[in-house]
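In what follows, chain A forms one complex with chain B and a second complex with chain C.
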Partner chain A sequence: MQNREEALKRKKRPFRWHILIFLAPAAIIYTIVMILPLAETLRLSFFYVDSTTREVSFVGLKNYLELFFNPYWIGPFLNALWNNTYFFIIHMLVQNPIGIMIAALLSMYHLPGKKFYRTAIFMPTLLSFVIVGFVWKLMLSPLWGVSKGLLESVGLGSWFMPFLGREETALTTLAFISVWQFIGIPMMLIYAALLSIPEEIIEAAECDGVTGFSQFFKIKLILILPTIGIISILTFVGNFNAFDLVYTTQGPLAGPNFSTDLLGTILYRTFYGQQTQPGDPNMGAAIATMMFLIILLGISIYLFFIQRKITRYEM
Partner chain B sequence: MAISRARRNLIAELGAHAFLLTFTIIALFPVILIIINSFKSKKAIFRDPLALPNSETFDLIGYTTVLTQGNFPLYFWNSLSVTLASLFLILLLGAMAAFALSEYKFPFNRLTGLYLALGIMIPIRLGTIGILKLMVATGLVNTHWALILVYTASGLPLSIFILSEFMRSVSADLKAAGRIDGLSEYAIFFKLVLPLVRPAMATVAVFSMIPIWNDLWFPLILAPAEETKTLTLGAQVFVGQFTNNWNAILAAMALAIIPVMILYIIFSRQLIKGLTAGAVK
Partner chain C sequence: MKKIILSGLTATLMMSASSVAYAVDLTIESWRNDDLAIWQDTILPAFHASHPDINVTFAPTAPAQYNAALNAKLEGGTAGDLITCRPFDSALDLYNKGQLAKLNGLPALDNFSDVAKSAWTTDDGSATFCVPMAAVIHGFIYNKDAFKELGLSEPETQAEFTAVLDAIKEDGNYIPMSMGTMDQWEAAAMGYQNIGPMYWKGEEGRLAIINGTAKLTDPEWVKPFEVLAQWGQYLGDGFEAQAYPDSQTLFTLGRAAIYPAGSWEITGFNNDADFELGAFRPPLPNAGDKCYINDHTDIAMGLNPASENAEAAKTFLDWMGTEEFAQLYSNALPGFFSLSKHAISLDDPLANEFISWRAECDSTIRSAAQILTRGGTPNLWSGMWTASANVINGTQTPSEAAAGLQSGLESWYEPQQK
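Take a look at the complex of A and B:
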């Protein structure tokens, strides 16, 4: 019955080759270079390699059961998961609101020098983690004394501590370094969205006496909600994939005492091994799969519950 | 009334300047610190890190070390060609796929969109072993093509996701008018839709450029040969070799920062052109 309906539809319209031509090149490259290698990782998570005999055996879900029920794995995994959540919360509370504020100020007034501001604030985003990690390590290090000197110059010398070396402050410090590095992304995306709001809407608002802040909150913010949605999801994915910053500043052991351990670093250690323990690609593959499921869950929540509630205005 | 309003605007503008200036200083301070100190002698770097180099402390020892030991112009050229080729493919192929997804109703449209969006969520690094096997099998190891293909594949999902969001807000009447005028679907895409999403394309370009330019992982695994080494890998190897030579490290970092700055300033002109072209439509 359904088949007949579809067949009828197809008869009405000839095969639309252009859809295939538009889609195929991207889909082919993406499938061969990204999806198939990732599927290979998934496959590895169901196998076990004996460390002495190098014998490969299919073990089903054993790696996952090990991850969930062996205290050796589940403790560090939950620690990393919580650290990652905290890392994400800081980004949502600090990076995105400030990014939106900067973009709003840049677009609201005809400020002289706004091109300079925009370029400068975006600058850190362009730097590699190798540089960012190294610079902040140098600046925060008591050895070089730059941050101590700065705090002393504003009379807060007593506040100085080795921020990256203490368990209580290391993760928060890293989160702020990451905010410093990536604040340009929400700023740019929001700025582009604000610029694409048609003049007529703004003029109409001004005629009705809606200006300044109330104009921003009542009109512009509503119109750019889809962009804010995209930014939140990009932040979520970026944060739950984060690895490089911790790796370059704290090393693969995510010190002090694993207080800056994220899912990415735990994955790296499992995959490639650490001082005492050899690498375990199969267990690593299981952790990678869990990371994927966590991110998938977050994205599904966004796509099915939040995105549907956002009204999209044709501009 | 008019005067008080003008004054209020002035105060608001000053406030805006103060706010933006604060963030500008925070953003630039570490970068400037590196550049300043890369021109100083080792003693001066430690004695007074915040001071500008003067005739007494000025020293180019770091740069001479870097330029005699490293092969930086070649690394720079390698990074540039890999980045530009990947960007071209990400933008063109990404826009084409985004158009197909946002414009046409066809079976499995939503599913195809989800499939292509999967890549935003998974770091491509998780598939490194498979990628390495693939590149060895096709003989692409230690060529730029290996990197370009990997970066294109990993950049496409985000490009498709962002561009299709923007393409959904392109007026349907415009496309209908084009079809009535007898434009082919290709012409509608290239002549009507692409120019309208230019701001989004510029944005995607800037955001895709950053992780490609800064990547350390894949150059290390897929193209570590001296003649294919990228700038980030070159700088990393250099920093690793000269751990205690602060002059050389600071100079290497300054050299790694400056090209990105120039590249960004060039792109940001395009970005602004694109942004305004989109806004004025």
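Take a look at the complex of A and C:
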């Protein structure tokens, strides 16, 4: 008897290899393309290569100490961090609310040309940064751009200035260009979320006399809050990794006077070098690690303090 | 069919026969793939005519890949015999790694001045490892038709230059000067480094900074910034967002009268502008001052120490120091001027104007090019881009800009810390 029971027990718990096998492709690919490079970046940031002798030496946290305590590193780094934060704030204040608004309009029943708008607004998201940067640079050009003429035709000619060339306006202008390009993403996600709200709820609301704006704010918005949270996180990660738009419009020095310098551009200049400045992959890796930590911190704050407070409703 | 094969065979035979006639084959590594035709059709035939026993092949790589490709080839032992050298640290690096041979004692080197050789000489001056080929000269290109129309003549001094700019501005038909600060490097290369040598006295000032006997905050280094600060009012509307190609187009369309330039623009401007072009050198601070021009070394040729045909390669390098080469090269590429001491005559009048300044003025190179940009953060040359652009934009005063550069340099460059 006992023997049989034990045998049964053993039979009941064979090692479930299929779990590992099914997980393996994803785990292996993820390790190769994400975890290994991350670990390698971290490892790289602890080394120093002598520029003349090419000697590689382990220096521990020296690169980080240099980054934090040398005014010529921490100054530009903080400047880039602030610019990045500002860039993010503009996206949160402009891109996401407008995206939600467009999605709300698109989800209305009787909107003529709905499909056209949906496609047209999403289109720029598919364009390359290089094209977007070039087209906007050309449109805003004080020499050949259309923006001056457009402003003049509505009597606002005096408002025109070389937007990308002034320290006060360059970053804001770039943020708006980026908003223009990426507004399709929150729009699409919110649109999908709005469509998934069951008819019965809306009908019940209408029976109770909740329509129009109050229906949107009191019912729909509450139901799509989790999606808005996801969008905020996507925006945050996207913005703190941004680099391409600044590079294509303002060049690697992120002019004028570093007013458009983001963490991505400072990383690029450090890692690959610039003109006569040789690249420093080790310091670059230290900056990349800091960027990773900043993004990690942002996401953690969201996960632990915000997401938990969002109530999810069964729909 | 048979005929084709036969003629193909004969051609192959003839080709191999002709290469057998040459005793030695040499290969040149270069990033100037734009110049392939010039080397194949003009320069190398001239060399082969006088040296039938050496066959040279020009084998360029794309500019952006050159450094990486060359390193890989040198390390793999498959690099050509002759190596085109980039200026300063990238060539110096190769020499330090033993991938460029020391050329001291090569007779051709006597045909070049020390300034010309400085880009390919070790810091202590003990070894030279490349034969200088060409430099670009800074100055101003102007629209001759516009000057005629307004009755203006080439300015000699800073006061005259300002008067000319004022006159063009007052007339209002032309933008006085075509330059933008969007890309920043124009402000530094065609602004600060263009007019600056007149103030810091060329090599004297440049070496004083390297030796630590002068500071970037000294008057001779701040003065050019003060001049630049005046430029903003003479540039086109919205110059802060005007990029380098915009400036070129604005000038070649005939909308601007003066273009702060480097001689590399000559070929492009000759093709694009349908008005007569002239050039004048950077204005003298005061009448009667000694004049200095920025004659920036750009390209040279070195020897791969692993070459099996080092003697033949040296013969070629020696030929590169001759007047014949200087003449051929400078004429084939107007705007890239041979660095040799020979007096060469050029067919292109604009290029001729630029090179004539060498006889009147002392040459120097960009002040931040040698040693001062080595390894340190902040980088002085990038710093000059931003500082020059800021000064022209009026967002930084000349003395603030200079102070910023000086403190940045002091933070890592020992001779300046004393």
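Annotations
Basically, the second predicted complex is superposed on the first by the 289 of 315 C-alpha atoms of A that agree within 3 Å, B and C clash if a C-alpha of one lies under 4 Å from a C-alpha of the other, contacts with A are read in each partner's own complex, and residues count from 1 in each chain.
One rule holds for everything that comes next: contacts are C-beta pairs under 8 Å (C-beta built on N, C-alpha and C of every residue); 3 or more make two chains touch, one makes a residue touch a chain.
From a predicted model like this one, the values you see are computed outputs, not experimental measurements.
Considered on the superposed chain A, chain B and chain C are sterically compatible, since they fit side by side. Annotation: apex chain A, arms to chain B and chain C, angle 90° (C-alpha centres, rounded to a multiple of 10). Residue contacts after overlaying the shared chain place A:S141 against chain C, while chain B stays out of touching range. In the superposition on chain A, A:N257 makes contact with chain C only, not with chain B.
In the overlay built on the shared chain, the residue A:G149 is in contact with chain B alone; chain C does not reach it. When both complexes are overlaid on chain A, the residue A:I35 reaches chain B alone and has no touch with chain C.
Chain A is touched at more residues by one of its partners, and among chain B and chain C that partner is B. In the superposition on chain A, A:L23 makes contact with chain B only, while chain C stays out of contact range.
Of the two partner chains placed by the overlay, only chain C lies in contact with A:F163; chain B stays clear of it. With chain A used as the common frame, the shortest Cα distance separating chain B from chain C works out to 7 Å.
Judged by the document's definition of touching, chain A residues 144 lie at the interface with chain B and also at the interface with chain C.
Those residues of chain A that touch chain C in the complex are listed here as 51-52, 54, 70-73, 137, 140-144, 161-167, 250-251, 253, 255-258, 274-278, 280, 283. Residues of chain B that touch chain A in their complex: 9, 12-13, 16-17, 19-21, 23-24, 26-28, 30-31, 33-34, 46, 49-50, 89, 93-94, 96-97, 99-101, 104, 106, 112, 116-124, 126-131, 133-134, 149-150, 152-154, 156-158, 160-162, 165, 168-169, 171-172, 184-186, 189, 199-200, 202-203, 206-207, 210, 213-216, 232, 235-236, 239, 249, 253, 256-257, 260-261, 264-265, 268, 272, 275-276, 278-279.
Touching chain B in their complex are the following residues of chain A: 16, 18-19, 21-23, 25-27, 29-30, 32-41, 44, 98, 101-102, 105-106, 108-109, 111, 113-131, 134-136, 139, 144-146, 149-150, 180, 183-185, 188-189, 191-192, 195-196, 212, 226, 230, 233-234, 237, 241, 243-244, 264, 267, 281, 285, 288, 291-292, 295-296, 299, 312-315.
Against chain A, in their complex, chain C makes its touches with residues 88-89, 96-97, 180-185, 236-243, 246, 249-250, 368-369, 373-375, 377-379, 381-382, 385-386, 389-390, 393, 395-396, 408, 411.
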